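You will see two complexes here that share chain A, one where it goes with chain B and one where it goes with chain C.
Up next, the complex of A and B:
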């Protein structure tokens, strides 16, 4: 094994890892704000992937250009899901919210996955723009344009979310609701509206992650499980609610998986779960998380 | 300004307040006194909209507000500084204060109100960037009151503002309350420090087991032997 080969593997690890981070950030965010454990986040990623794929293949719009549209579609879908299922549980205390949301989202997994199987068939799909396969080479290391674009999108979305939460009034009111919802209502924040927006936002992030997965890799109706596992590992690694941490943890997981795949082959999938258990045992608040696990 | 008419309030199946009525005059301070668990905080939470009375009515400036949600009451000018301060501990002091001015009217005047509360609590000006959770108890209480004032309320509800604070800090807090009242702010004050609140308030109500058992002019109650025996026993021997 040459040194160049190792570097190349690590570079690909960074690319796939940035997608892991993007897939995890919405999941981690909504738990931080509302204590909703939305394990159907993987299915929302899958749906976003199909929305992106459909726009790309029927209307021939570049998948990077149509990304905001995918975000909007999933935002609206998220608002609908929230109104129909999750809005009922906000009157519960935090523990009951988490437990109930787990059951609701488990039901959603079944419905969304089966609907996708019926509508899209079980075949793998991917959105391939004309420049797929092109790239540049630096010191014999390949940098495909597509994957670089995905890395850039992940960075922009994750740090954009971070900036939105730190700098805007709406973002601050979301953080306030995450820290103490009762006090948030006492300063005049409409908590129901904040929850609706936050949930929809997490769905939009899932959808955009899915669309990017369809571009760089491939999608199918049962991909949700694989991605929610990654999202959980990363959320725990980063510390639940840590936004920027999710990106870094995603890249770390991507690189570790890629390198270990040299030795372990397909068993590298287990590495993430080993990290998951080790973080829970040694540093349960996560690598970058505050102890309270808020946004 | 505020008229509470025979309200009953429940926590789930448990009734905490029975047929409580009182009224608050504009620019006045009303003190609600009583021992732990007597229902004082419940009354304030009901006024702020965190709890809904199952019977009776609450009128603010002539219109009924008892079914209005909490955030809308802030827009009307009612603001509660809750017991235990209820800060956003991971957010900076400045962010806490900015969020205090969340409602549209107050937000326009954030800068000027910020200067006003900094004048009231100069120590907070130097701690703007610090997470609110890292401040001392007294400083956190100052942030809580300052955050309440940031909303530009017409009626400020204060729940145990001096609880657990050192006497010196308590003095500063009460001075701030008095100062805010002098600018015309109406207040309802729930306090364990009975002597101090009676000196500050115009009217006082005494609550026992969720019912009003006494009311009157604060000065008068301060010299009432029964009140002194029940609530000022410790203060009397120490002062």
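Up next, the complex of A and C:
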């Protein structure tokens, strides 16, 4: 095995890892803000992938340009899901909220996965624009344009979210609600609105992640479980609610998986989970997390 | 609620009728379906011990089910008597659970949920890579394959499981488990050794899941060894327990009848594969509207008719 080969594998690990990070951010964000454990996040990623794929294949719009549109569609869908199901559980205490949201999203998995199977068939799909397969080469190492675009999108979205939460009034009120929703209500923050927007935002992030997965890799109706596991692993590794941390942990997981695939072959699918369990045992607040998960 | 003696009477009547069933009915589809019902009763009732009574939502139940199936299958094919291998399958699940239970119970709430889900996925990935080929019964086993002993075995195990949960629900450890569910810190403060009872619930739950896995291994002619590790076994158990009513003895039984019944009925009246969607919607409605499951329906109905709380026995 040459050194170049190892570097190439690691570069691909970074590319896929940035997607892991993007997939995890929405999940981590919504748990940090609302204590909602949305295990249907993987299915929302899958739906976003299909929305992106449909726009790309029927209207021939470049998948990177149509990304905001995917975000908007999933934002609206998320608002609907929140209004229909999750708004009913915000009156519970934290623990009951986590458990009930887990169960509701479990029901959503059944609904969304089967609906996708019926509407899109079980085939693997991917949106491929005309420049798919092109790339540049530096010191014999390939950098495909598509995956570089995905990396860029992930960075922009994650740091955009970070800026939004730090700098805008709405972002600050979301953080306030995450710290202590009762006090936030007392100082005049409209908690219902904050929750609605946060939930929809996390769905929009999931959708955009899915659309990017459809571009660089492939999507199918049953991909949800695989991606929600990745998202959970990363969210916990980074520390729940840590958004920048989620991106770094995602890239780390991508690289570790890629390198370990050389030595472990198919067992590498499990490596992230093993690392995850170890982190969970030894450092439950996560690698970059504060003692209690905050946004 | 039924009076205790009345409930026991009806229960034993139903069980003895079930024992007579193969003498009356020889249609294989009836026996087949019954075996499936018993398997799911075991699976959901065993999940119910840890998830329903002790309140620890375990998304790794398939791992123990699969482990029981794996051990039973391998030992049984190597020539050991079936009942011994069933026991060893349950024991393997139990030992594995205790090994991981020690660190896993340091985790609480969402972390426990995610940790157990990850554990089951790791096991599934390892098994599907280590044993990629389909596992079929040897020809002499297939030649002597008969449904009737399978029916009796699964019925006996299911009745045993329900009896265990029934006894547990009236015992001191059972009460301690409920106390943990209601509030772990409060239970600890009032002198309940929470770790001990959580471990006990995990052990009992996984042992029974391992037995159910062994039953699966005994029942099926051929399957991929990784199949019983699939996450849908956990989901089915959880779904059934919640629909029926967690933390009750009867809940998983009602849930299983409801689940299997509808699953068999739906394809007759609905377009194919719609039923999963209907199940999903139904599940969410039950969670939101009837958090105690279907078992509370008769009570609700009676209260609605009489207009007051029924007298307790």
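Note that in this section the second predicted complex is superposed on the first by the 295 of 295 C-alpha atoms of A that agree within 3 Å, B and C clash if a C-alpha of one lies under 4 Å from a C-alpha of the other, contacts with A are read in each partner's own complex, and residues count from 1 in each chain.
By our rule, a residue touches a chain if its C-beta (ideal position, glycine included) is under 8 Å from a C-beta of that chain, and two chains touch if they have at least 3 such contacts.
The model shown is predicted, which means the values in this text are computed figures rather than measured ones.
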Larger contact residue set on chain A - chain B or chain C: C
Partner chain in contact with A:277 - chain B first, chain C second, else both or neither: second
Touched partner set for A:136, first chain B, second chain C, both or neither: neither
Touching partner for A:187 - first (chain B), second (chain C), both, neither: first
First (chain B), second (chain C), both or neither touched by A:173: first
First (chain B), second (chain C), both or neither touched by A:65: neither
Touching both chain C and chain B, counted on chain A across the two superposed complexes: none
Residue ranges of chain A touching chain C (in the complex, touch as defined): 31, 37, 85, 88, 95, 98-100, 102-104, 106-111, 113-115, 117-118, 225, 229, 232-233, 236, 265-267, 269-270, 273-274, 276-277, 280-281, 284
Interfacial residue positions of chain B with respect to chain A in the complex: 48-50, 69-71, 74-75, 79-80, 82, 86-91, 95, 98-100, 102-103, 107, 147, 151
Complex contacts: residues of chain C adjacent to chain A: 57, 103, 106-107, 109-111, 113-115, 117-119, 121-122, 125-126, 129, 231, 235, 238-239, 242, 273-274, 276-277, 279-281, 283-284, 287-288, 291
Of chain A, residues touching chain B in the complex: 169, 172-173, 175-176, 179-180, 182-191, 290, 292, 294
